[in-house]
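Take a look at the structures listed below.
Shared between the two complexes below is chain A, which pairs with chain B and chain C, respectively.
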Partner chain A sequence: MTQLHTPNKQEKSLIIRFLPVIFFACIVVVFYFALFADPFERPSELEGRPLPEFQLPDLYTDGVSYSRDSLLGEPFLLNVWGVWCVTCRYELPYLTQLKNEQGVKIVGLYYDQEHDPEFGIYADVPKIREDVVNMLSQFGNPYHINILDLDRDLLLDLAVTGAPETYVIDADGKILLHHLGEVNERVWNEKIAPIWNQL
Partner chain B sequence: MEIHHYIPELGNLALTFAFGFALALSIVPFWGVRKNNHPIMELAPNLVVGQFIMTAISFGCLVYAFATDDFSVINVAQNSTSLLPFEYKIAASWGSHEGSILLWLLMQSCWNIGFAVFSKQLPKDTRTLVLVVLGWISVGFYAYVIIASNPFERTLPYFPVDGRDLNPLLQDPGMIFHPPMLYLGYVGMSVPFSFAIAALILGRLDTSWAKWSRPWTLLGISCLTMGITLGSWWAYSELGWGGWWFWDPSENAAFMPWLVAVALFHSLIATEKRGVFVSWTLFLAIAAFSFSLLGTFLVRSGVIVSVHAFANDPERGIFILGLLAFVIGGSLTLYAMRITHVQKDRTQYAAISRETTLLMNNMLFIAATIVVLIGTLFPMLHKQAGLGAISVGQPFFDQVFSWLLIPFSFVLGVAPMMRWKQDNLNRLFKSNIYVFVVSLILGLAWVLGQFGQWNFTAIVSASLGCWITLISLRELFKTAQKLGWAKIPKAHWGMIIGHIGFAVTLAGGGMATQFTDERAVKMHIGDKVELSGYTFHLKDIEATYDSNYEGHGARIEVLKGNQPVGSILSEKRFYTVQKTVMTEAGVDVGFTRDLYVSLGTQFDDGSWGVRLYVKHYVRWLWAGGILIAIGLIIAIADKRYRRKTGKLQERAA
Partner chain C sequence: MVNIRTLIVAIFVLLSESVMATEDLESFKTAEHERVYRELVAELRCPRCQNQNIADSNALVAKDMRNKTRKMVADGASKQEVIDFMVGRYGEFAHYKPPVKMSTVILWLAPALFIIYFLYRIRRQSTRFTTHGRQNKRNEQWNEQQELELKRRIEELERRGDTK
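Up next is the complex of A and B:
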């Protein structure tokens, strides 16, 4: 029979006395690793969750609208962009290349900054369309379709912090990746392609 | 070349000498204590004086470099500009990381010298050892400043013609005084800490150290309270949306030492007067300074605040962490090893006694500290564990704190009138039930009368505020009846004022969080907007400027009915060097309400976006903080400390 060891009074007080030291040592270890962590790394809360439901109009054509279900069926990239976004200009040619060479389906989610009905400012949609056509003809058009989210319904649900941002979404509508910032060759090869190629 | 070109080098040299003094202080007198050699022990105060003078010269050189726009010093080039108003040039000396650590050292040497001057009546070995421990702490920080964070580094041979300006957020009167006050408070905790360490080393774990370290603890907390109050006031006037406490990691970093320090000094009372909680009080003395160091580490190492991150320079973070591990880890280990020698509680106390209420005070303060610590560190732990980034914010803290504050405030009301050793629940109930009912009625009448809303949080905080104030005042009158007004001890005055200060903050905080009227509007010049009984009339948009910014100011006249109440100037400033736009909120200060105007941007049609707030009782928050700080200072002046020291001198003689 092995006898269970029960700590006697002295041992107990030893543990209690050293408890603050042990607790502090744990904190120091955490701090040590935190010092080397990338403070700008922000893993998205949305990864692994389904794409939110929405009902939004087409950017170009009045009366045409899209919903979550109308996009599903094959995997695609959802790309948040705007004509005001400088980085998007650098990204458009690469995205267009992805579409042409690898057949990647890219859905544009247009982000307008001006629209602010509470202050009586309404977006000038014909003007936006004109700017969009100009910009895409200049830098390339990677988009399968373009969705206009004036009231930022889907943008808020997707926790968009700015433009450009890109989401990888599978055929069932699950968000696999949320990338903040430009998509370029390095980002594609290191971050997006490993996920995309498994789909 | 003339002498003034070498001022930064002189500063660096003085810093090195100060390091030398601190090093000598931490070794030589310690050896004297071990050998019981009095002449060598006598060296300690002299070394402290040397350390102080050298640090003051060094800091003076840094201020001189800022005042004379010496952009060949990296620190000046990055944190000042020739057009910066003079007072902010001086304040910019501690606006950077390097400068603020040097300020920390200046504050540390102020405390060291203060202690050396006012501790002559203590036993020689205790006094020397406390100074030695203060020296140990200083050595680490001097080494850090000299090696990893030197404020005197030059940009030579190619130096810029002008500097990059001080962060406009820091160009506010609150920011001139806030960091020195806060640091004075942080570092002040090193004195009770050193007392505790000295007591542990000497094995003299009786209660005399509690008596000696009490005034120092009071002074430290007073500075800390003022520092936090100023910080909150700065955030309110400078960040432009009327908030006054954000549960931001850098605020939590200052709040945690405050909580532990207040717990410490209440526990010190019980230890000094009744000889109880000795080992617990020792632990708190170590914890209070540990949290000060931890706070500095959190803010200054970039582990939490990503904007200040040392992603490219983890050397500094590692250095401070090593320092932290050494000081805190070392002292906690010492505590664990020596605390068994502590004398057992001298006296017994019953469940209903003042001892118990002080214990409850401590439990609630420590619970609050743990809540803040977890809330501050949890996001980091969560991320380290690979679970993703999260933030712990206002809702969590607000909820937990409101539930801690209710029992705390209730006990705070009763505690000062409780008897030591044993009290009678029946007596307490009988003498307080009327006050309690009256407080509830007053709170209800206050909130319902002024705002006409059944707001639970506001009613509870107003009632508890009345509860604490009424009992404190009754206590004061009772004492006056017994002793006469002139003979009321200063410590008693301090307690009454401090507790009422807390009540004022509590009531103000409850009202300010619950009742803020707010409107975001678009206004043309001449427009009038109504908000909770006030008419805001945009009279004019003026051009405003100073040497380093230009901007617009909205001149808003406020009317109540037809009576003019005040005229507010709210600015939008563009700082030309940093190319940053800042909102300078305009505030009409009032006893029961602030009118707060924040100017937005101009629209194409010439109108301006304006945010208007009526914030109720927001001044009370800071008034309470100031009262607490004043109460603490008055308590230090208590005759008891002087009389006791007199006795000690007799005994020594």
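Up next is the complex of A and C:
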């Protein structure tokens, strides 16, 4: 009986002795995957939640404003962008193509970086309008309407971290997808189209 | 020379931090609000950055989160309310103190398990190499194996004696 037990004990101590090595191997595997992981590829809290309430002006026209309810009725993409955003220049032609070829309704949410009333800095809205018209005439205008969120309140409610970011919103105002970064053909085909085509 | 230079750099680093910390604090009426705000900006994580809290980051989103935190604290929001607001939008990612959940419990258990494992290793090593431990081990081996062998031989001798 005792002789049968001794090799088992040795096996156990062998496992315990190699535990640090096993642990190290696990860490290496985790770090290897972490090395190639996209830090902005993480689950969004917003998905599955309703579009937040807001009351914001039109980018071009004084006195015209939009609310959550005025946008609902049909599915649309909400695209956060700005003239300062370099990636948006690559995205605008593709979004314009989506609008023209597939009739995708795209609402622009303009992200201004300058406006900061707490420190006495106010955005120059006429200048923004001029820059916007210039940029859209150069790269294409995919937008059905454009909303201006100078105080960045809706942007904060939408957990925007930068631009571009794109939300897929259904006819009832539910956020189905929150994509950080550029929308291009690959992203559309792999990530957005499967959801969009079911709407 | 190098030591003096290091000292100067260290002093500048220390000074710069205190300057940065006071930048946002002018608007607070009570010391309590200021304390809560300081804790929050150190604890909330900039969602745009690679591992920076919102106090240290110059990203616009971090600035907006600081502004929102300041407004909420000045309006009497509790620390937890501000954290819930940010985590409700930017996810657990935005808070440096993750809650204990099934998916995060390993963060708490792993260090404890490590300590237990190494204490166990240290105890084993120390008992193995003391003469006392070695002596015990020898005695045990004698008792278990050779005692049996001895009994077997005695029985065999007795059996032989019977057959005679």
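Please note the rule applied: the second predicted complex is superposed on the first by the 159 of 199 C-alpha atoms of A that agree within 3 Å, B and C clash if a C-alpha of one lies under 4 Å from a C-alpha of the other, contacts with A are read in each partner's own complex, and residues count from 1 in each chain.
As a convention for this text, contacts are C-beta pairs under 8 Å (C-beta built on N, C-alpha and C of every residue); 3 or more make two chains touch, one makes a residue touch a chain.
Just so it is clear, the model here is predicted, and its values are computed rather than measured.
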>> Once chain A of both complexes is superposed, is A:D69 in touch with chain B (first), chain C (second), both, or neither?
In response: neither
> Thinking of the overlay built on chain A, is A:E101 touched by chain B (first), by chain C (second), by both, or by neither?
Replying inline: neither
> Is chain A touched at more residues by chain B or by chain C?
Replying inline: B
>> For A:E190, using the defined touch cut-off, is the partner it touches chain B, chain C, both, or neither? Pick first, second, both or neither.
In response: neither
> Touching A:F18 in the superposition: chain B (first), chain C (second), both, neither?
Replying inline: first
> So, does A:E118 touch the first partner chain B, the second partner chain C, both, or neither?
Replying inline: both
> Is A:V28 touching the first partner chain B, the second partner chain C, both, or neither of them?
Replying inline: first
>> Quick check on my understanding: which residues of chain A belong to both its chain B contact set and its chain C contact set?
In response: 39, 42-45, 118
>> Looking at the complex, which residues from chain A come into contact with chain B?
In response: 13, 17-18, 20-21, 24-25, 27-28, 30-45, 118-121
> What residues on chain B touch chain A, complex-wise?
Replying inline: 283, 287, 290, 297, 301-304, 306, 309-311, 314, 317-318, 321, 324-325, 328-329, 332-333, 335-337, 339-340, 377, 380-381, 383-384, 388-389, 520, 522, 603, 609
>> Under the definition above, what is the set of chain A residues touching chain C in their complex?
In response: 2-3, 16, 19, 39, 42-46, 113, 116, 118, 152, 155-162
>> Give the list of chain C residues in touch with chain A in this complex.
In response: 47-48, 50, 59-61, 63-65, 67-68, 87-91, 93, 117, 121, 144-145
